[in-house]
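All remarks here apply to the structure that follows.
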């Protein structure tokens, strides 16, 4: 029987995955840090820490602090650089049989393209994921992801640079999420992953000093799940033919089922990896049991919430 | 090998308000750990803290499969431990971090330990190991007042160790900063200490760094940072370094030689 | 000594409050439901459930569900209507000595104006708060708050209709929060309150049915605090002379101190009232003790976080 | 007067898996409540549930200042109660809601109670009150299987009450839906019941509503809704009504006459 008839297998455009449980960039290192906890060949895939052209130092500490049911981070995209990744990490990941998605960022369109080109030669990369939630230094630091045109221009350039499946990771802070999604998809993204972190802040009540040296940080964890779920539902509704990866606060099987129902064909587990490094493998097993007991395929679980009609995305405050 | 251990709270010992030790049954972890290493602890089901918290292994009892932590209550995580009822189950992720090094020292040599308050946490375990290696230990234990040292018995009695106490208000042992007491003692010596092990607040470290440099003692500091994961993936725990931008303290540390740390770049704790 | 020299007293433009602890609209009913738990004359003020021209029935249930450290609601602005409020509730509030802020909403600009006019005659209203997070039926249901121009046009019309202090309550779902804030303030708002709820969603994992009959709902509670705090900081930075009320996940004194530090001159306690109906009174007492022990005035606590310089509101994801 | 009571868990009694009763010390609440009323319970410090949960007062012991709840485990809130250790402290906001009415009935009259599974929760308290009022009670208690009625002893023994059991699988008492068993019994009677009190899942209510209408019995249903506050401010708990759009069930209910409810507009529970 062909892969897609396996109950857990999912296809996102040109990207074929053995199951829909992936791990999110920046919360899973380069995968190898988890070999004591997870069989990397059993999870649907892993997204690497965001890779840049050169090794990047990141922000001065404090870089993280916790919040109700979540955390803030301003790591500043510290990473070993694409070259080092390909030399030091990728071969081992290939041996293990991991499905590796390289998460990529840059200061300029040129940076992104160069990183993607550097990866194009390397074996063992299943897809490229673009983190567009970073400042475009050529545009006065405005985030690529915060303007549909900047998003489109970046994605179309990267599109030309790789034959691999291209995942574009959307920012929930974009003024109009659906517009950004449409722009990314029309510019050549095969898959959209959402959401990245929401900009938040925490302040020390005694000293009145922001807890993170950067000032603001990205909010992640269960706290953001309802927002992420709504955004996945919203984009799935507006762009029904674009495959989505759902991200945001996932730590239990029920979270996975919610995101599938909202229209995600796969999910990425993020912050939960810090609390429980074996969570991704556990979710794969739980999803297997769930599908077996119901004789259901994961594919059949995708988008079920839309049967109940248009959930107004109006504010509904109060 | 790192693992996420299920551990049962066997007993809690209170030394003074906000200072206590908790002993868990966790045989596999007890087997695997070395002095200076730590574990990331989670009390399941609690609304706070959301993330795990790091605690140095204070000591182990291999025969009974026990792991002990020395804790100072400062916020939700430590409070959860203070309130935890005996028999309750927690998760202990470990062993984590690099640990102290002493095996290169031949027996009979003299080493020093400088601990500030709860900074003493990792040392009961280390002192036993040093004793087994036939090394002689001068332990300098300091705090603001006597109550900060209420757990001192926990550090006494090891074969060949001497305990020197210091309090800023003079209510116990010598009056003054433990770093100064150590400095005076170290200078009086003919032969310098073969090694210095230290743990305490950042303020103590910054004072101690120039002293060990001046005295030319090889030192190992057990450092602290805000840790999101404890095994090198969140990159939250970095410490500004001399030889490169940052050290990832949960994997490259927490035990670090002072000369690698860029003290001037450290932001004092809020 | 004059009011403002009392340690807890705060002045927000023309609005003078005995202390900075208010309760948020829709989470405090019409105040009278809390008389067993809170001395309404002791808190800084209360914002009524959103009032409309006519009594409003609201959405069909299920209307609420809980989420990690928060809840979703799609009540649908059920309320007794402005006339009934003035007749049945306001006199009692006046007797008790409550500082009442009337929260107002409408389907059209005309609606808003008519409600505000209906209130103008009544005694015992300290200020008007506009909920602009509702659909403008004349603009195809696009939310007033989601366009700076719609916000400006609404606020300027309401401004003419009342001599009372005018609070405009900003929506965190607006494409550009600072633009909306500027629009509201330039159109005549005396005070800005933020934030209203964030649009979220929850799905029953078994049935795949949205948990709320409305589909989406407004996310509130501690989960949103870091986002609310960042938004208050951001608006305070952009519009330093506009008085702000901070709202979002406040349930402890430390939360209050964080919002004051971020630049809010007062705060509104919302969802926390459901869990602990006496929380607002408790926070007033705790703030009194805090200020006494430090010989500080609340005014001196406002905006302290800004001393530490510009906290980049860039994404900082990862 | 409503208040947020501090209550200590005295004991838990398990009837069958997922069915248990918890008894708290809460003297002031015990004094204040009437049958049919409920309290909003919070187990402090738990990550879930975030909101309080509503529980009917199952019974009180005034002399001992005790308040009892009958609980069925279905999610985080009820699980937290099942796991709560004796001596633990919870918050009980109450008394809330309107309660049953019977004082208008002169003694000797016969009333009926129909309860489905955990729907029996409010009735031990009510049965005692009915007994004191010298009213005779036929209690129809139904469930899928015998284990659903494991707490039935809790409902027996009241002076002048008769307990009729029904299970859908016939494993205990009569076979079939309790509503049908009640219908048959009620029809056989010469004089109709002076009143019917009912509590159970919505499915039971929708079946019961036409029956009481047909038999012309005045009925009071103890309804359920998702409650965010319990005292009328969140407006989350509304139930579609006949005489107006919605009833705010936490204040206008939870005890409601079936004829006021717009059954056709009710959305079945997920």
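Order as written gives the chain letters A, B, C and D; numbering starts at 1 within each chain.
Just so we're on the same page, a contact is a pair of C-beta atoms (placed from the backbone, for glycine too) under 8 Å apart; a residue touches a chain by one contact, two chains touch by 3 or more.
On a predicted model such as this, the values are computed, not experimentally measured, just so you know.
**Student:** What's the minimum number of touch steps needed to get from chain A to chain D?
**Tutor:** Counted as steps through touching chains, the separation is 2.
**Student:** I'd like the Å distance between the centres of chain B and chain D, where a centre is the mean of that chain's Cα atoms.
**Tutor:** Chain B and chain D have C-alpha centres separated by 55 Å.
**Student:** Starting from the mean Cα coordinates of chain B and chain C, work out the distance between those two points in Å.
**Tutor:** 47
**Student:** On a C-alpha centroid basis, what's the spacing between chain A and chain C, in Å?
**Tutor:** Roughly 33 Å, centre to centre.
**Student:** Report the inter-chain centroid distance for chain A and chain B in whole angstrom, where each centroid is the mean of the CA atoms.
**Tutor:** Inter-chain centre distance comes to 37 Å.
**Student:** Residue numbers in chain A touching 2 or more other chains?
**Tutor:** Residues 26, 49, 67-70, 73, 75, 206, 209, 221 of chain A each touch two or more of the other chains.
**Student:** Which residues of chain B are in contact with two or more other chains?
**Tutor:** Residues 47-48 of chain B touch two or more partner chains.
**Student:** Hey, how would you classify the chain contact layout here, line, ring, star, complete or other?
**Tutor:** Chain contacts: single closed ring, each chain with exactly two partners.
**Student:** Between which chains is there touch?
**Tutor:** A-B, A-C, B-D, C-D
**Student:** Can you list the residues on chain A that touch chain C in the complex?
**Tutor:** Those residues of chain A that touch chain C are 25-26, 49-50, 59, 67-70, 72-77, 105, 131, 133-135, 141, 143, 145, 171, 173, 175-176, 196-203, 205-206, 208-210, 214-219, 221-227, 229-230, 233, 249, 253-254, 257-258, 261-262, 301, 304-305, 307-318.
**Student:** If we count contacts the way the header does, which residues on chain D are in touch with chain B in the complex?
**Tutor:** Against chain B, the touching part of chain D is residues 45-48, 85.
**Student:** Within their complex, state which residues of chain C touch chain D.
**Tutor:** Within the complex, chain C contacts chain D at residues 26-29, 33-34, 36-37, 49, 57-58, 60-71, 73, 75, 78, 204, 206-207, 209, 211, 213, 221, 273-278.
**Student:** Enumerate the contact residues on chain B facing chain A in the complex.
**Tutor:** Touch residues, chain B against chain A: 1-4, 42, 47-52, 91, 93, 225-226, 228-229, 231-240, 245-246, 265, 267, 270.
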